[in-house]
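Both complexes shown next keep chain A, but they swap its partner, so chain B is in the first and chain C is in the second.
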Partner chain A sequence: MSKKALSKTTYQIPIGPIHPALKEPVQFEFTIDGERIVDVDVSLGHVHRSIEWTGMHRNPIQVLYLAERICGICSYCHPMSFALAVERVAGIEVPERADYLRVIQGELERICSHVLWAGVAAHEIGFDSVLFFTWQIREEALDLTEYLTGNRVTKAITMIGGVRRDITPDMVPRVKKSLDFLKANFEKLRKIYLDDKTFKMRTQGCGVLTKENALKLCACGPTTRASGVKKDVRLDQPYFAFDNLDFDYVTPDVLTGEVNGDVYDRIIVRLLEVKQSIELIEQCLERMPEGPIVSEPKIPKLLATLKKVNGEGIGRMEAPRGEVIHYVKLTGQEFPYCWKVRAPTYNNILPWIPMLLGEQIADIPIVAASTDPCMSCTNRVAIVKDNNRSYLDKETLHKLSVEKTRRLMQ
Partner chain B sequence: MSEGARLTPEEIIKSFKDIFKTDIKDDRIETHKAGSKKTQFTHIWMCIDRSAFKDAVKHLMKLEKYPHLAVVSGYDMGETINLVYHFSIYFSERGKELSLNITVELPKSEPEIETITDLIPGALITEQEKQEMLGIKVKGIPKDKRAFVSDDFPKGMYPWRKDETGPGKMVRNLHEVKE
Partner chain C sequence: MKFSMLPQVFAQMFKKPWTNKFPAKYQPSSTTKYLQDVQAGKAKINPTVETPPGFRGKIQYDREKCIGCKLCINVCPCEAIEFKPEEKKVKFYLARCCFCSQCNDVCPVKCISMSNEFLLADADKYSKDLIVE
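Then we have the complex of A and B:
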C-alpha cells in the first residue's frame, strides 16, 4: 500500500481479481480521494494457464486447437496468427480462395465481438433493454458462424496453409440473408448508441486516452484508433486478401470531425467497424476466385514438412480488440522451440491508468469495459477505508453506475 | 506517424550499422506477399549486442517518434537467453508498415538487460513477464514484481527455461509439490 493511501484524505479500493467488466480476472487497486480516482495500480495473472508452455510440447497442428482455446471471443484470430507465423517460417503459400475465406471468418468474428461489446457497454450504464436488443442481433451473427463453421464459438476452421471449410455457391444466399439482417439493424444500433442523449452524457469526456498516451503505452486496436492513431494491421501490413478490398482506417473524426479519445469515441469506432466488416464480407463474396481452400490437405504430410523446418517468424492479425501477434521458432523438431502469444488486451492494460485517473467510482465499469468486450459474472470489490475493510459486490458497483445514469437523466 | 523521411529496409539496416558497426549481426530482410495483388511487406530481423541495445532503441526512436513495441519474446538457448523485441514502425499508411525484430543475446551467467520503459512506457508488462518467465534481470524496471506468475510459485523456477531451473520436473511430479 502506498504512503498516499494512509493519509486521511485518500483511501484505497481494490477491484478484482474478478472484475465487473472483464472476463479475464484482473485486479485494480484504486486510490480514491472523495469520489475521484487519484491513483491506479493493476495486477495480472490470476488466470495464467501456461498455454505457451503447453504449446511448446505439442506439434503445430495440435497447437492450432490449443490456440483456439486462449480466448472464447478471438477463437479465430489466435490459431490464425499462429498459422500465419508458421506459414512464413516454412514458406507455405496459401491459395487465393483461402485468403478470401480467411477474411470472411475474421470479419464475422469482429461483428460478433463488437456487437457483444456494445451490449455489455449498454448494460454497464444501466440500459438492459439495449443489451437484449444488441445481443439479439449478435445471435444472427452467431447463427451465421455456426452455418459456416459448424460451431458458434470454437470454430475449428483454421488450417496451416488455408482453411478447413469452403463457402459453396449454394451457401451464398443464406450468408447474404444474414448480412441483410445485420445491415437493416445497424441503423437502429447507430441511433441508440450515437444519438441518445443519456448515452452521450455518460460516455462523452469520460475515460479519455490522449493520442500521445496511446502511442507511448503501445495501445492497439479500437482503443488506439479512438484516440486518433491510425493503426490497423489489416491496412498497415495487409495480410490475407485485405490488399484487394476497399476500406480505410476507422477513427472517430470520420463521423464527428474531431478526436476526443473518450468512451464515446470508442463506441463510434467499434460501431463503424461493424458496418465496415459487413461490407468487407460482401466484397469478399463478390471477388472470391474459384480454387482450392488449403495448400496441403494431407495433415501427416504437412506435419512431416514442418518437422524439417528451421527458422523464426511472426504472424500478426487485427483481432476485434486489436493486434494479435504470435512469434514462432521452429528448430527441425516435432514441437515449436518457442511460441509467444501476445493478445491485444496485454497492451491495452497500461492505457487504463491514464483513462481512469480523475474519474468517479461509478465510471469504473464503463471505462474499464470500453477497452475490452468481455464481462464476468461473479465480481467482488473490497473497500479499505481507515484500515476497515468492507466489500462492494459486483451488483453494488453496477448499481452505482446505474444510479449515475438516472441522476443525469433527471 | 513518422515525421522525417521514411527509409527503406536496406537503409534502416545501414543506418544501424553506421552507428553500431560490429554490434549488429545476422541482419536479414524478409519479404512476404499477400493477396492476389501480391502486395509485399517486410520483416526486418537483426541481432544486436547487449551493450549497444539501449542506444539502438534510442536510434530507432529517431526513425519513428513512437515505435510500437508489440511484445518481447524470449527463449532459452542453453548457453544464452535470447530476447526478441518486436517493433513496428511507419504505420498509419496503407501497406507501409515495417516490422522490426531485434534479438538480444544474454549470457546465462549474467542474464541482465537494461529497461526501456523510460523510452517506451508501454514495455513495462512485457519486461516484467520476461523476468519471471526466463529468470532474467531487467535493470531499472519501475515495478519489480511478478505480473503473471502467482506469488506462491516456487522462487528460482522459471517456466520457459529449458534447463534444471525449468518446471519440467515439477510438472511431472505435481504430487510432490507442497503449498
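Then we have the complex of A and C:
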C-alpha cells in the first residue's frame, strides 16, 4: 500500500506487534481522522518458526505430528491435508470407514473452533459473561475430543492412509450423549448471539466485506460465506466421505434472508455451521460401514513404500477458518523434498483492509477477530540477511527475475 | 428477547461453578510452599478431572521386553528417544516428548504403553521423573 499524503487532520496509530488487544503478533498501522480509520497497513512476519524447513528433515510420519503444531486450533486439518497430499503422491487408497471417521474428527474440530471463536468475539466486544458461558459449552466438545483421540488439543489421530483410532459400537452412546448436550445448548447460544441487543448494536453494519471484495481478495471459509459467496471445499471438491452426506452451503440469507457481509453475518455463519457439523457427525455415525480404519497398519512397511515414491501432490480441505492447502514433493528419499503450507488466514488478511476502512478505533478488535485470524499459521517465509530483515516487494522480485535471466544468458 | 444473556447470568448465581478447583480451592499465597506442604502431608491437593480410557500420558517402558529394534527412534517426531548401544535398550526424555503415542503404535513387542499420568511439570528437564528407562 502506498503512503498517502497526510493532511493536518489525520494522524497515525501503530497497534502491535505485541498488544493486549491482539492475541497474536501482527502489526497494524492506522491512519486516523478523528475516530474514523482512513487507511490501514498490515505487516506480518513476527512469528516465523521455520516449520517447513524442519519438515524437510523428518520422515512423513514425523511430519504428521509437526504439522499438528502449525496451529493449536486446527491441529487436525493441517496433518490431515498433509496426509491427503502424501496419499495422492503415493496412490494410497483410504478405506471407506476411515473416510467417515475422518469426517467425524474434522467436524468435531469445526465445532470446537467455531465455539471458541464465538467466545473470543464476545470477549472482544466486552461481553465476558458470554465468553465464559460459550467456553463452558466448548468444554463438552473438548471432552468428547479427548475421549475419541486421547488428548484435548493435539489429537494425533491422523495416519497416512487412514486414522489411528476407531469409534467402536460401545463408544457411540458416549458420543451421542455429548452431541445431544451440544444440540440442546446450541439453541441457547443462538438466542444469546443472534437476538441480544448488545451483539446487534456492536456487530450489525460493522466491518462490512462486500461480495465483490470477497471474490476479488480471495477470502475463504466463513469470512467469504458471510459475504454471500458460496465457496466450501467440502462441497466444491468433496474429499473424505463428504460426497455421501447431505448438507449445503451456509450463508447468512438462510436465516435472515439477506446478506450484509458484516460481523453479525459472520456470527450467523459460524453458529449455523456448528449445527451443521453436529448433524454431519450424526449422519456419519449412522452411515459408517464396517471395515478397516487404515490401509497399511504396519508403519515400517508404510515408510518403506513412501521412501520409493516419486512425485508431487496437493492436499486441500476445509479447515474451520477456510481452505488449507498442503503441497508435498517426494523424490524417493526418506524426507520430503519440499513441503509448502498455505493456511486459510493468509487469504483472510487482505479483506481486513476494506472491512476496517471507515470504522471507529473501538471496532478494530471485533473486526480483526471476525475473520478468526491465526498469525502463526500464516508465517511461512522470513528473509534475514546479516541480522537485517527485509521484504521482497513486487519490484524487487521482478528485478531478481530479470537478473536470473541475464545470468542464464551469459 | 432484548438481553437474552440475563436469565443465564442469574441462573448461574445459584449453580455450582463448572471449573474444577485445581490444585486448591483458593490460590495459595506461595505455590512452591503449598506443594511442599502437600509433599509433607500437611495439605491436601484437589483431585484433577478424571482422564478417559486411552488417554496419552506419561510413557511406561517395559525394559525386559525391549529388543532394541530402534523402530521407535525412527518414528519419534521430537527425537526424544535415545538408544543405548551397549545394552541395546532405549531411554525416553519426557521433557522433549510430545505424547503422540507413535512409539507405542510402532513397537513390535509392545513394550511401550501410555499411562494416564499427566502432572509432569518440573523445573529441571533432566529430573528423575522426566526420564524413563
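Annotations for the structure displayed:
We take it that the second predicted complex is superposed on the first by the 359 of 410 C-alpha atoms of A that agree within 3 Å, B and C clash if a C-alpha of one lies under 4 Å from a C-alpha of the other, contacts with A are read in each partner's own complex, and residues count from 1 in each chain.
Following the convention adopted for this analysis, a contact is a pair of C-beta atoms (placed from the backbone, for glycine too) under 8 Å apart; a residue touches a chain by one contact, two chains touch by 3 or more.
Since this is a predicted model, take the numbers as computed values, not measurements.
After superposition on chain A, the partners chain B and chain C are accommodated together without colliding. With both structures placed on the common chain, the touch criterion links A:G72 to neither chain B nor chain C. With both structures placed on the common chain, the touch criterion links A:G332 to neither chain B nor chain C. Residue contacts after overlaying the shared chain place A:G358 against neither chain B nor chain C. Once chain A of one complex is fitted onto chain A of the other, the partner contacts of A:V130 are limited to chain C, with no touch recorded for chain B.
Contact with chain B, but none with chain C, is seen for A:E323 once the two complexes are overlaid on the shared chain. Which of chain B and chain C touches more residues of chain A: that partner is B. For the pair chain B and chain C, the minimum alpha-carbon spacing after aligning on chain A is 17 Å.
Common to the chain B and chain C contact sets on chain A is no residue at all. Of all the residues in chain B, the ones that touch chain A in their complex are 1, 30, 32, 34-37, 39, 41, 43, 45, 65-66, 68-71, 73-75, 84, 86, 88, 91-97, 99, 101, 120-126, 146-150, 159-160, 167. Across the complex, chain A meets chain B through its residues 43-46, 48, 50, 52-53, 88, 96, 99, 215-220, 229-231, 233, 235-244, 249, 289, 312-314, 316, 323, 325, 327, 329, 337-338, 340, 342, 346-347, 349-350. The residues of chain A lying in touch with chain C in their complex are 58-59, 61-66, 69, 127, 129-130, 133, 136, 139, 143, 146-147, 150-151, 154, 156, 164-165, 188, 191-192, 195-198, 299-300, 303.
On the side of chain C, the complex with chain A involves touching residues 1-5, 8-9, 12, 18, 51-52, 54-56, 71, 74-78, 98-102, 105-106, 114.
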